[in-house]
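Lettered A, B and C in written order, each chain numbered from 1.
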Amino acid sequence: MSHSDKTPGVGTGGFPSLRGFAGKIIGFALTLFLTFLGLMAVTFVIGRVLPTDPAMAIVGNRASEEVYQAMRLQLGLDKHLIVQFWIYLASALQGDFGQSIMTARPVVDDIKRFFPATLELATLATIVGVLVGIPMGVLAAVRQGRMIDHVVRVFGLIGYSVPIFWLGMVALLVFYAKLEWLPGPGRYDFYFEGIVEPVTGVILIDSAMAGEWDLFENALGHIILPASMLAFFSLAYIARMTRSFMLDQLNQEYVLTARVKGLPERSVIWGHAFRNVRVQLITVVGLSYAGLLEGSVLTETVFSWPGIGLYITNSLFNADMNAVIGGTVVVGLCFVGINMLSDILYRIVDPRAR
Amino acid sequence: MSEKPLIEVEDLWVRFRTPKGVVEAVRGIDFTLGRERLGIVGESGSGKSQTGRALLRLTSGNGSISAKRMEFDGIDLLNADKKTLYGIRGNRISMIMQDPKYSLNPVMTVGSQIAEAYRIHATASASKARDKAMNMLDAVRIREPEKVYKLYPHQVSGGMGQRIMIAMMLIPNPQVLIADEPTSALDVTVQMQVLALLDDMVRKNGMGLILVSHDLNLVASFCDQVLVMYGGQIMERLAAKDLHKAQHPYTRGLLNCLPRVDGSHEALPVLERDPAWLEQQGGRS
Amino acid sequence: MVMQDAKASPAKGLRGWLLSDSPANAFQARAQNAYVGWLAFRGNPIAMAGLFIVAGLLVVAALAPVLTGGEGLAQNLGNRLKPPSAEHWFGTDELGRDIYQRIIWGSRVTLYIVFLVSIIVMPIGLLVGTIAGYMGGWVDTVLMRITDIFLAFPRLILALAFVSALGPGLENAVIAIAVTTWSPYARLARAEALTVRKSEYILAAQIQGASRWRIVTGHVVPMCLSSIIVRLTLDMAGIILTAAGLGFLGLGAQPPLPEWGVMIATGRAFLLDQWWISTIPGFAILIVSMGFNLLGDGLRDVLDPRSGSEG
């Protein structure tokens, strides 16, 4: 910030100096790296240190003695903890999370199979959350204290007070069992199995690309309920944050200036106040998306949606430690990664943060 | 001067609903503004800023305006519809605020904010508006307007920010300018420059000016007429040149509080406030 | 500006003491602060609704033996899956147990979980945060790095993995939740410690010879308390929901404990025809969560208005 009346020199206007920018990137990379490391450390503790017999937890109690001993060797259980961690970290970096007891396949392959279903849900829900939640939040802020504000606030309140697995069950009960408007659990009815080759793994896209409209319709019907549940969740959070940010902005002097200029109210709200909020919403949407990835665990259980959440919980019930850890690491990494990404985006876009 | 006044205000009241009761910020004031400079001077809470905002119907949320008359150029400001108001704001009556750090939009370049002010009231292409904005930056004596155009408000100094504010508010060539403490947030040296600029622009464009300030000296030297406000009412109105002949004890008190280079070196008197001044005064004072 | 009722006569008695303009001592000043805060709180219908619900929860939990005939553990297989009736207000579950009783006693389980998490999380967060903020330097950097790392973790997933390693159980679930919840409190405590550290009255205390420890406990901690309490109340709903989620998955409280999440899970098999077994516990969770959220919002408005944009 220059303190003289002269025109500021090069370096303070527009793009910041190269050194400052590079420094920030390095700072982020470091934080990202340390957080990943931290996540791996925590999962290591959970997977290898906490269980009384980590090798048994991985191979299961029906494995033969040889397999068991081989696993003990592989994990380096006779060696120092740091070495074990290193073994764990090294294999994880290579994408090797071991074998799943349940499916008898590498965990990584299982994850690849199940993840797109979760992404499909989370993405759809977030899109709805953004498209509906943001206008709701803006409207509530602009009409603060009036009926629509109260409605939005109550709606939002329910959204983050409700147990999402319960809401899913109630929705199934009402819309599937009683009203019979929508199909039931699962991603599509079983007789559609195998009709379409998975290209992206996202059924809606794959079936549309293949022109299989029956499947598309069926899949759409199946996705509505779980996506709505997650969308409600996402919407509640996004609307609340948007309202909060907008209220802050609407009290600022520059909003008065915009009105003094003779701008119609709509331009004042969206062109000026909202413009200051956009940037903060990036972080909010990122957090919401990450939160949905996490919340999918419970929703997928209720709707038997074959995503990574269901995979983790099933592995849990089957005491399949490799699968649980592998799934946790992947979801954890996505969670952390999305949050960091939002943070970076925020700083790039906000002119004040440069 | 038999010319019709630009602004006529009669019995203006501004009230706010708060949890603790009704607060009356402005209590029944009258004044007119011609093609002249009117200074409204008073301490914090005297209602001077609220008067300016009421003229543009920009009183904040829980406030309400009432008046027997509030007219600009024959237009009834009190009951004007939104479209009329949008046409008047910025275009015919403009207002500059105190601190450009807060009164400019932080995520838009200063140049684009000026250009926007132009395009609201004139159909023009983006490039034409940009050129106009550049010319305006030049007119407010900013060197290297191309560089400054692309800056963000947090990158410019206070003095430059106020010039930008002036440029933005004068680009549609309004007939009346309300200046709400335009130099209070600036360093003393910069104040002089901005005031000189303001003086120039007001004179060049033949605008009416309402200067709102707590600085008695400033108002005395800058304006033709002065209104002294206290407790939402007008205590005294006089020509600026007659300020030293003020009658009302409040005005006299304010004058006595001003330190003078050639005055005595004794302690300044403390302004004594007579509670009777808060009583509702009938008619013109 | 002029207040219309500026000439009202001053209040007498206790109220006068609480509202007077010049407190005579520190005790009166603190009491006045609390009273004014209470007035502001009382004027806020949202906050009062939240207080009402949370107070209701506490009362119900405390009076559980009075409100019910038994602990909801008595099985009666001849009476299973009965809909709500005059005899069983919320019906019976698959083992013939009275659901109303289980809901009431389940409030104790919920409070127990909330309580346990709080007493783990608050001291850890306070300790880490105040030490980091007050000491500064590399201690600060290291502690904050660790805090940030935990802050970035997905709560439910980690709690899941945690419990899967330790085995299911209420206490394990509590530990799992606590491990993923303490970070924001460390951040809050650190922020307060930083502001306080630079204040002049700390300098004065140091000159008077107060030790670092005394400064931390006597000055820094009290300053943090209000924002921590607000944050904790707002987090309660999340904690309850996570605990219910773990219960739903069979990882938290174990049957026959009447935890509401577990009740929803066991009722799932009977959802189509005996909807009340799963539906009613969910309403209980919803109401209690809403109560804590409302209360937290209200407290924040009163105690900590500047943090309004943090959601």
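Everything below uses one rule, namely that a residue touches a chain if its C-beta (ideal position, glycine included) is under 8 Å from a C-beta of that chain, and two chains touch if they have at least 3 such contacts.
A quick note: this is a predicted structure, and the numbers were derived from the prediction, not measured.
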item: Longest centre-to-centre distance from chain C, chain (CA-based); value: B
item: Chain pair that, of all pairs, has the most C-beta pairs in contact; value: A-C
item: Separation of mean Cα positions, chain B and chain A [Å, integer]; value: 50
item: Gap in Å, rounded to a whole number, between the CA centres of chain C and chain A; value: 25
item: Chain centre separation (chain B, chain C; CA means) in Å; value: 50
item: Chain A residues touching chain B - in the complex, by the definition given at the top; value: 1-8, 12-14, 144, 252-254, 256-265, 272, 275-276, 279, 350-352
item: Interfacial residue positions of chain C with respect to chain A in the complex; value: 145-146, 148-150, 152-158, 160-162, 164-166, 237-238, 241, 244-245, 248-251, 261, 264, 268, 271-272, 275, 278-279, 281-282, 285-286, 289-290, 293-294, 308-311
item: Contacting residues of chain B [partner chain A, same complex]; value: 56, 58, 61, 82, 85-91, 94-95, 97, 99, 102-108, 116-117, 120-121, 142-144, 147-148, 150-152, 154-157, 159-160, 165, 168-169, 172, 190, 193
item: Touch list for chain A against partner chain C, complex; value: 31, 34-35, 38-39, 42-43, 46-47, 50-51, 57, 157-158, 160-167, 169-170, 172-173, 177, 237, 240-241, 244-245, 247-248, 290, 293-295, 297-298, 301, 312-313, 316-317, 319, 321, 324-325, 327-328, 331-332, 335-336, 339-340
